[in-house]
Every structure is written in C-alpha cells, then in structure tokens.
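Two complexes come next, and they have one chain in common, chain A, joined by chain B in the first and chain C in the second.
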Partner chain A sequence: MANLLWLQGGACSGNTMSFLNAEEPSACDLVTDFGINVLWHPSLGLELGEGVHKLLRDCVSGEIPLDIFVFEGTVVNAPNGTGNWNRFAGRPMKDWVRELSEAAQFVVAIGDCATWGGIPATAPNPSESSGMQFLKRDRGGALGAGFVSKAGLPAINIPGCPAHPDWVTQILVAVATGRAGDLKLDEFQRPATFFTSFTQTGCTRNMHFAYKVSATEFGQRKGCLFYDLGCRGPMTHSPCNRILWNRQSSKTRAGMPCLGCTEPEFPFFDLMPGTVFKTQTMMGVPKDMPTGVAKTGYIKLTAAAKAAAPAWAEQDIFVV
Partner chain B sequence: MAEDSQASGADESRRETIRKLLDAGLDVEAFPRCDSHEQVQAVVRRLQGLDANDLPGRLVVAGVTNFTVEHPEAELAQPCETCMYYLVHRNYCELPELDIPVEPDWSCRLWRI
Partner chain C sequence: MGEPAVQTLDISPVGRVEGDLDVRVDIDDGVVVNAWTSAELFRGFEIILRDKDPQAGLVVTPRACGICGASHLTCAAWALDTAWGTTVPRNAILARNLGQLTESLQSLPRHHYGLFMIDYTNKNYAASRYYAEAVKRWTPFTGTNYELGVTISGRPVEIYALLGGQWPHSSYMVPGGVMCAPTLTDVTRAWSILEHFRSNWFEPVWLGCSLERYEQIRSYDDFLAWLEEKPEHANSDLGLYWRMSQDIGLDKYGVGHGKYISWGYLPHEDRYNEPTIEGRNAAVIMKSGVYNGASDSHKLMDQVHTREDVTRAWYDEPGGLHPFDRTTAAISNNDMDPEGKYSWCTAVHHEDNGRLEAGPLARQLVAGGDHGESWQHTDPLVLDMYRRLGGASVALRHFARMHEGVKIYRQIERCLRELRLDDEWYIKPTETDGQGWGATEAIRGALCHWIDVRDGKISNYQIIAPTTWNVGPRADNGERGPIEESLIGTPIADPSDPVEVGHVCRSYDSCLVCTVHAHDAKTGEELARFQTA
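Right, the complex of A and B next:
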C-alpha cells in the first residue's frame, strides 16, 4: 500500500480533470489494482476543515507515512514572497509544499504550472509563481535546485497543459509498485520514456512535413502545421501522437497546431499578440527550427523536397 | 477531371493577366522585404483590406515580381518555387490573402520557407 496525497496550488484543475479521465490505468485502477491509497485529493477527498488540517500535519510529522506527494499548479509566492495569495489549511500553500515534499518518499509535479510555472508564471508573473524545481528553464523553483525526496529522486516532472492522463497514472503506478528505479529522467526531470520523442513522432501530417506542403488555414486536412500556423511539433518533446488523447486523436491530427506545452518556455513568446498560431520568421526563415536542424540545411532540404513533392501531397487524401 | 481542367484553364487565364500587368511595369512594392513577423503581419493586414477583385492592388502590396528577388542582406534567393505557400503541381500561391496563379521563378516579399 502506497499513501498518496495530491494538493493544488495556482491551478485551473485541468490536470485533475485529465487524471480522472485516465484509462490505462484508470484512477480507480490505481486504488483497486495497484495498492495506492489516496489520502486526500481536492476533488476526491472526504475530509474537510480540521480533518484535512490534521491529515496534513500527520503527513509532515511522519505519523502517516507519505509515499507519494503529488502537486498540481504553481507554487504561489505573492505578495512579496509571503505566499498569502494562496492559503490552504491555515497557512500559505507554499509552506505545506516544502514540508510535505521533505516528508515524502517521492514528489511528483503534474502539469506545466507545477513543473515550470506555466501560464501563471508568464511575464509579468503577478502571482510570483514558480514550479516545484524550475521557473521556466531556470533550475531552482520552490524546492530549490538541489532538492531530492527521501527516496533520492528530485521532483518527477510530468508537464503538459494538461498532462496526458496516462502519463500521470503510469508514472504513479511505477512509483507505487517499487519501480521508480527504472525511471530515467531527462535534464528537466521528465520521464524519458515519454519525453524523448517529439510530438511530431507519429503525426499523420508527417508526409506533408517531408514534402514541405503547408496548411495555410485552420480546418485543412492537408498540409503541415509547422510552416505557417505555428505548430511546435518538430521541437516539442511529448508522445502526443504515440499515446493518443481519448485513445482517438491528437491536436495535430485534428488540425490544431502543437503549442509546445511540455516544454519549459510554454507559453512561448510570453503570449505576445501575433505569436500564437503563427510561425515566427526572420527573413522568411522560421526562427525556431526543428530540433537539431541547421538553417542552411533546412533551406537546401526545403528546396529539394518541394521539387520532389508528388501531386497527391498537395491534395486532401483524407477523404470521407 | 473536367473540374481540374476548368481550374487549370482559369488559372492560366489569370496567370496571363498577371504576367501582362507585370510586363507592363506595374509598380509593385517588392522592397522592403518582410524580414520580421511584424512586417509580415502589416502587409497581410493591407492585403486583407483590399477589395477581393483588386488583383493589381494585391500584386502591388505583396510586391509580386515576374523574376526572382534575392534578399539583399540574407543573400537568399526567394523564388515562389521554394516558398511554403507555393503548390508545385498547380503553380499556385496558396496564401489566402494572395491566392493567385504564379510561375516558379516569380517572387514576392511575403516569401517564407
């Protein structure tokens, strides 16, 4: 049996909504099949008021062994570093976060807000939000760069806006069943099994990417969304086209450009007007290249690929 | 098939009209090239403000030329044939605000790769 506690900071509850829709395994499977005891969760917990307060105190003191501490949302530090804009159970949430993280065997940060600050931490960051161990790309965050939990791991970051439900439940199962040692984390403490390939990996528009055929308007079933509509699939690490959403689809399959929500810089360009859903260029060349591609090589490849493009690549082949 | 043929004929007719306008010395705004995103957006907004039937106006604002322009600073040739909006098999610019038949060696200042 592994005790799990889930708290929310500066959050929209999107990751909770996502978690409750998990299928492989489901949130119920965690309890019935994998021995996870949910001590409390904002949407599922039974205790109220003093009952929650006591539970949290018991977790901090060790009276209740805390195996997994899950945090969703940013750690709010406003105003002036006090954290009083986000009080919970009688004190700033950030104080609970620090003490519970120190008491837990494993700490799991769910969603962009908990991992790197996400949308709340976008400049000018009025809530003085940060992630658990990062603020955007900078190490540190609420727990500090050197933090490791009792089991010896840093916070396990599962980013996304929201995180895919199965990324969450599969990592929780791995931790709860004693297989945390199998988890390889990347430089941003993301499980490598999910965040090594790209969003583009498995995208149904890859043939259009290869032949440099662009989608120029939303709703087009032909064309790649990278060239004009701001898709970040070629430079975003996520398995969104390998582990499909609702077991059905993905943003790019549905014609929606990837926003790069599993990367620390999300939302990109601080949401300046004109930067969302539009590929940013400099002298006609994309500012952000597909990962690992150099500008000169890109230009040469594009010319060759366009010249070689077959007629079908310029047509809608997903006919109904 | 008949529809494709009609579209091809209509494209060729419009391409010929554009060719004649450019050969006659239509004073297009080929420079400055749209180097930044803001410049691109400014030109696109001007195109969106034009009457849908104002073909010469679109050519002028987009800076369409019947020859390839090389970007002066980037030393980068900017022909239609390498542009992301160009349909190779139709010889056509698919940028919604331009939407014109072109030739591979033509050019405009909204070129993007």
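Right, the complex of A and C next:
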C-alpha cells in the first residue's frame, strides 16, 4: 500500500494521457494489484473544491502519509516570482509543490515540463517556468539543487514529452513493492535503466545510418532521418526504440525525426527560424555529432560508408 | 429562514475537466442563480511561438494539450498549408484524418469512464434504483466497466502510433502531407486493433448490439424503441447511462445559450488537395455550422466572424477583435474579481450571433441541418432529440458525445479502405510568407489556429480552443459564457459536495490546459516590464 498524489502545474496533461495508455501494468492494475492508493489526480479524482483542499492540507501536515508525490507540468513563477499565473485550490501551485515535496517519501517529476521546464520554459519563458530541480541543464529549479525527499532521494526525473507509461509505472511499482533501493539515477536524476542507451538503439533505420543513406524528404520507406531531417536519435538518451510506444512503433520508425525530447535542451535551438526538421550543418557536416564521435572521425567514417553503400539501401525496403 | 438566502460557493478546483477550473456559484434556495467560471493557468504559448520557425507550431501546439494533440497538429498543419499554398496528396489527407479520428475514438471511453461516469457513483444518488449497478460498473479503478473502458481506450491510439510513432505528442503531419508512408502491415494491424475495440467494448459493453443495429436509429422514437427492444440494449452501458440519467434528473438542467458552433472536420481526400481558407467549408465531410435553437435554423460558420472580447479577462486591449488583428496584452495582476476581470480565458463570440457553445452536441445539432453541400454528412438523431426534449441538458450533451462514436469508427474504416499504398504521402512545399488558418473538431469541439508568417518567421499565432468558447467569462455586454449560462438553474443538494456543478462542467468535457494559453500573445517589451515591475 502506497499513497500517491498526482498534481499538474503548467501542464498539458500529456503525461497523464500517456500513463493511461499503460497496459502491463495498466493504471487500474497499479491500484488493484500493487496497492497504489491514488489520493487524488486532476483528471481522475473524485473530490472537488473543499474536499481537495482538506486532502492537500492533510498530506502537508502528515495526517495522511504521502508516499509518492507525482508532479506533471512546470512550476510557474510568474508574475514576478509570485506564481499567481497558476493558482490551484486557492493559492499559487508552487507553494503546494514545495510543501507537498517536503512531506513526501518520494517525489517524481514526470515529463519534460516538471523535469527541465520543457516547452513552456522556451524563450522568452513567459510564465517564468522551471522544473522541480532543474531549469534546462541548470540545477536548482523550484525545490533547489540540494533537495532530497524523506526517503533520501532527490526528485526522480522521468523526462520525455511525454514520458512513456512504462518509464513511469516501473518507478511506481518499484516504490510500492519496496524496491526503491534498486533505483539507479544518473547525473540528471533520471533512472539509468532507461536513459543510458540512445533513441537510436534499436531504430529500424540503423542500416541506413551506417551507410549514410539519407531520407531527404518525408513520406519515404527508406533512409536515415539524421542527415537531412534533423533527427536527434544518435545523441538523445531514451529507450524509444527498445520499449515501443503504444506497443506499436516509435517516431523514428514511423518516419518522424527524433526531437530529443528527453534532453534538457528540448525544444532545441529554441525553435529559431530554419531549425525545425532540418539538420543544422557547417560545411556539410552536422553541427551536433552523434554522442562521443569526433568530427574528423565522422568525416572519415561517412566517406567510407557512402562508398560502401549497397544498391538496396536506396530502394524502398519497408523500414517502417 | 427569513435571512438572505443567497449562498456563494467557491469551488476550486473542479477536477476531472482536464486542467484547473474554478467556479463560483450563487445558490438561492438550493438552486444556482448566478455563476462565474475562471481559468487559472497561463503559459503563454503564443508568446513562445512569436518570431520562431514557421513550422514551430507543429512541435509546440500538440503540446499545448496532451489530450487533443492530434487535433492541434491537424490545425497547425492545415494552417501552414493554407499559408504556403501547398498541394496535399490524397493519402496524406486520409492519414491526417485517421490521426484525428483515432484520437477522438480513444477519448470516448476514456472521458466517459475516467471523467464522467464516476459521478454517478456519488452518494447523492444512493436512492436511485440504478445506484448499485452503477457502483459495480463505474467505481474508479475497480468498477468492472471502468477498468475495461479505461484500459481499452489506449487501443485506438495504437493506430495513431502506426502513423506518427506515438500518441500523444507526435508531429507527423507537415505542410505538404505527412512524414509517414504506412505499409500493408500497418493497415492490416490497424484493422485488427479496430476490430478488437469493437468486439471487446464497443458492441458488447457500450451498445449491447451491433454497430449496424445502432445505425438504424434515426429519431428519438427509434432510440426509445431500441431501448425497449431487448434487455441487452437497456442494460448496456449506453442503456443504463440514459435510464439512470433520467432517474437522477440530469435531463433537467445544464441548458445553456441554445446557440452552437462547429468548424466541421475531416477534409475529403479528393476535395482539399489545394487547400485555401475560403475553400474549406465545401471540402469537409462533416460540415461546419451555426445552429440557433431558438429559431431552429442552421447556417455555415466562417472564421471571419470570430471575435474575442477581453473586458472580463486578464488582458488590456480593445475588445471585438478578429484573432488576426489582436495585439494582445496580458496584465500581471490577476486578482479574481467577479465584478471585473476573473479569467485568463477570453470571451469568444460570433460577430452576429454572440456566445456559442462548442462540442459534440454542437457538432450533432449542426449535422442535423440541411445546409451545406449535398454530399456532406447529415444525421437527424440528436437534433430530433433536442427538439423533442425541449433543448439541451447534461444528459443530452454527453449522449451526443458518445453517439458520435459509431460514426467515428466508420470513418476510420473508410480511411483504411481508401489509402493507396503505392501513391505519394508528401509533396515538398515551397516556404513562403502568408496568412493561414487551420481548423478541426477535437472530440470536445471546435478548434482552430491562425498563423501569420512574415520574413520567414511567425509574426502572430493564435489558437481558439473549444473550451475557449465554452469556459469564457462574461462578454462586454454582460452575456455569460456558455458554461456559466448552463449552470443557471442547477439544483445543489449538498453545498459541501456540489457534484451537480461537476456534472454540468464535465458534460462540456472542458479542457483548461488547452484554453488558457490560447489567446494571449503579448509583446516582448510588455513581458520585460512585468519581470521588472
């Protein structure tokens, strides 16, 4: 049995929607099989108005033990640091976030907004949004760099826009079954099992990447999306091609370039003109290299790869 | 007794409406006599989009709303198509429609069980003869059909993932077409997902009959006859929903303005390949319209009639502007003042017809009209029910939402049949400056985007979401917003648990996350002023 409270700040509800797609276990299984007691959730909670106030106050005071506090969305600080542009249950949400985080055994930041600030924090960040313990790559955020919850962990960051439901349920099940000690977090407080490999790991277009055969336009069944269409799969940490989305596919499999949405910089280049769905290059060489690859090595490798590319790589081979 | 009877109740938050909605109601003798709806979150998406890449809306706007992301993407893509003057191949139109449709089909069981039916298990209804059955089926997380419905709601968007890689938050629709090029495997898998949805929930649990039998219902009398025909019909989740709704009085309140808007949706694959703003009305399968219940009349809707008023919203600018003309300015002091400004949502209206209700009820009332093109979709059922039952109610509004499911299902089948796997999916467009407009019907109603591209970047981006229409505050002439108006006359049995207010708000399937960022763009100078004030 673990009490869970889930709130949304500067959010789109996308992580909630993604979470509800979960199947093994499903959102209902978490309750019925794993004993997770959902105290309240903005889309699913029974109470309204004063009933919610009381519940929140009881969580803060410890009257109701708060085992897991999940926060989705940015922490809004506008205007002028007051947080009044996102009020909830009669006061700025950021005040609830701070008090509930201090009362909780575990704090889980779900999605880019809660982890790094995400889309709302894109320049000029009109809502003065931040993540729970980061703003983009900078430590701090709403709770401060030194925050640890009662169980001794910092906020567990599950990035992604949205986060995959399995990334979330694994954490919840681990906590509910007493295996939180097995969680390994990386330097950005992300669970290492999900965010050490790359989006490209398992991509069906890897052979085209290897032979430097590019998908130069959308709507094709061949080619790698990295060379022309701005795909960030080789330098983004996520298991999108290991743990498929909606049990079916991934963006890169379907033909959509990875936007790097699990990384703190998303959306990259602040979406400035010329940067959307276009690989940024300098003298024909991508500005952002696959992680760990040096430019000289890349130039040699791709020259050799291109020379070795077989004829079939230019044909429709149903990579989707 | 003898003392002033009016009691003011502030309800913050009203949950299960997607986002944070605050409602104030004045209650006199157990009945709501006045109401204010307030949207309490501001993220400023239009500010973020200003001066960005013309295609930035394809990345940003689906993330304005994780619930209707495909609908936003649809609008963002068509807005760019009209601005750039692209050619969109028929396969791409079908693939975009598939995305819109599967998102909408997903939302039917998810909203129905997850957000709406929970209230039927409220203790207030313990005296209903249907209560025990309602608790058994619809209790959160553990109800038999709650669990089935919420879980199966994930299946239709698996089809979306076959096209866009994932749901929510793909950006696979781009000006000139789509990014994907589905194969036969994708199509056959999509069919099997659809069949699973039909045979495990849609027919046995929701309808208690085949889709074909349900499609024979064309009038209220037909519906009542269907209800009586077999116990399987009366005891289906649809049958029980309808009977219990009558039993607990949800057919008696939640009326509203009686004026409705739909942009129409689903461009026909052979009629919108050269998309223009003006050409859209004659190209969509589900036609646009304004329905006026008082005069029982229909006409087409055109975006040129859209106006926004900010007298009672937290902005400082002239009212009555078309979105293309707005020079919007948020104010930093957002104190709640029921006599003055009290929401981030603007008061959207039709320049001739005033405040309009958006949503599935609006869509179905428009579908009943004989306006529009002869080949466009028509459906007389909900309009007949509206006339026979004397107007809208909580019960009819939600019925209209669920009624559309069979039609959505059939349109998905049609898209899958019409895809030509060897034809093109994308025609690379030339990027130019220009003004564009894209619209659709999200499951919860009329959604559209306006874009102005100048010097190769976005100079203005405006969104009006269905909830902008529905949850807006009073207009400058004092006319209430649609939900505010719908709350008038609502009986409140227990002011400490005003579930009836929840019924009305949830019958609109309001989506606050999708509303509050939706009409606020302000200049960089003003923003700086706020930060240093």
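We adopt the following convention: the second predicted complex is superposed on the first by the 318 of 320 C-alpha atoms of A that agree within 3 Å, B and C clash if a C-alpha of one lies under 4 Å from a C-alpha of the other, contacts with A are read in each partner's own complex, and residues count from 1 in each chain.
Just so it is clear, a residue touches a chain if its C-beta (ideal position, glycine included) is under 8 Å from a C-beta of that chain, and two chains touch if they have at least 3 such contacts.
Note that this is a predicted model, so its numbers are computed, not measured.
Model built by superposing both complexes on chain A: chain B and chain C fit together without a clash. Contacts of A:Gly274 after superposition on the shared chain: both chain B and chain C are touched. In the overlay built on the shared chain, the residue A:Met283 is in contact with chain B alone; chain C does not reach it. When both complexes are overlaid on chain A, the residue A:Asn206 reaches neither chain B nor chain C.
In the superposition on chain A, A:Thr193 contacts neither chain B nor chain C. In the superposition on chain A, the chain among chain B and chain C reaching more residues of chain A is C.
Contact with chain C, but none with chain B, is seen for A:Ser249 once the two complexes are overlaid on the shared chain. In the superposition on chain A, A:Glu217 makes contact with both chain B and chain C. The angle formed at chain A by the C-alpha centres of chain B and chain C is 90 degrees to the nearest 10. Look at A:Ala303: by the touch rule set out above, it reaches chain B but stays clear of chain C. The overlay of the two complexes leaves chain B and chain C separated by a minimum Cα distance of 6 Å.
Shared contact residues of chain A, touching chain B in one structure and chain C in the other: 217, 274-275.
Residues 33-38, 40-41, 71, 73-74, 76, 78, 81-82, 84-90, 94-96, 111-113 of chain B touch chain A in their complex. Taken together, the chain C residues at the contact with chain A in this complex read 9-16, 18-20, 22, 40-45, 47-49, 51-56, 58-60, 63-67, 69, 92, 110, 114-115, 118, 140-142, 146-147, 150-151, 153-154, 157-158, 160-172, 174, 176-183, 186, 189, 332-334, 344, 424-426, 428, 456-457, 496-499, 501-502, 511, 513-514, 522, 524, 527, 530-531, 533. In the complex of the two chains, the chain A residues touching chain C come out as 8-18, 20-23, 26-28, 31-32, 38, 40-52, 74, 76, 78-80, 84-90, 118-120, 122-124, 126-129, 161-162, 217-221, 240, 244-256, 259, 261, 267, 270-277, 318, 320. Touching chain B in their complex are the following residues of chain A: 212-214, 216-217, 227-228, 274-275, 278-286, 298-299, 302-303, 306-307, 309, 311, 314.
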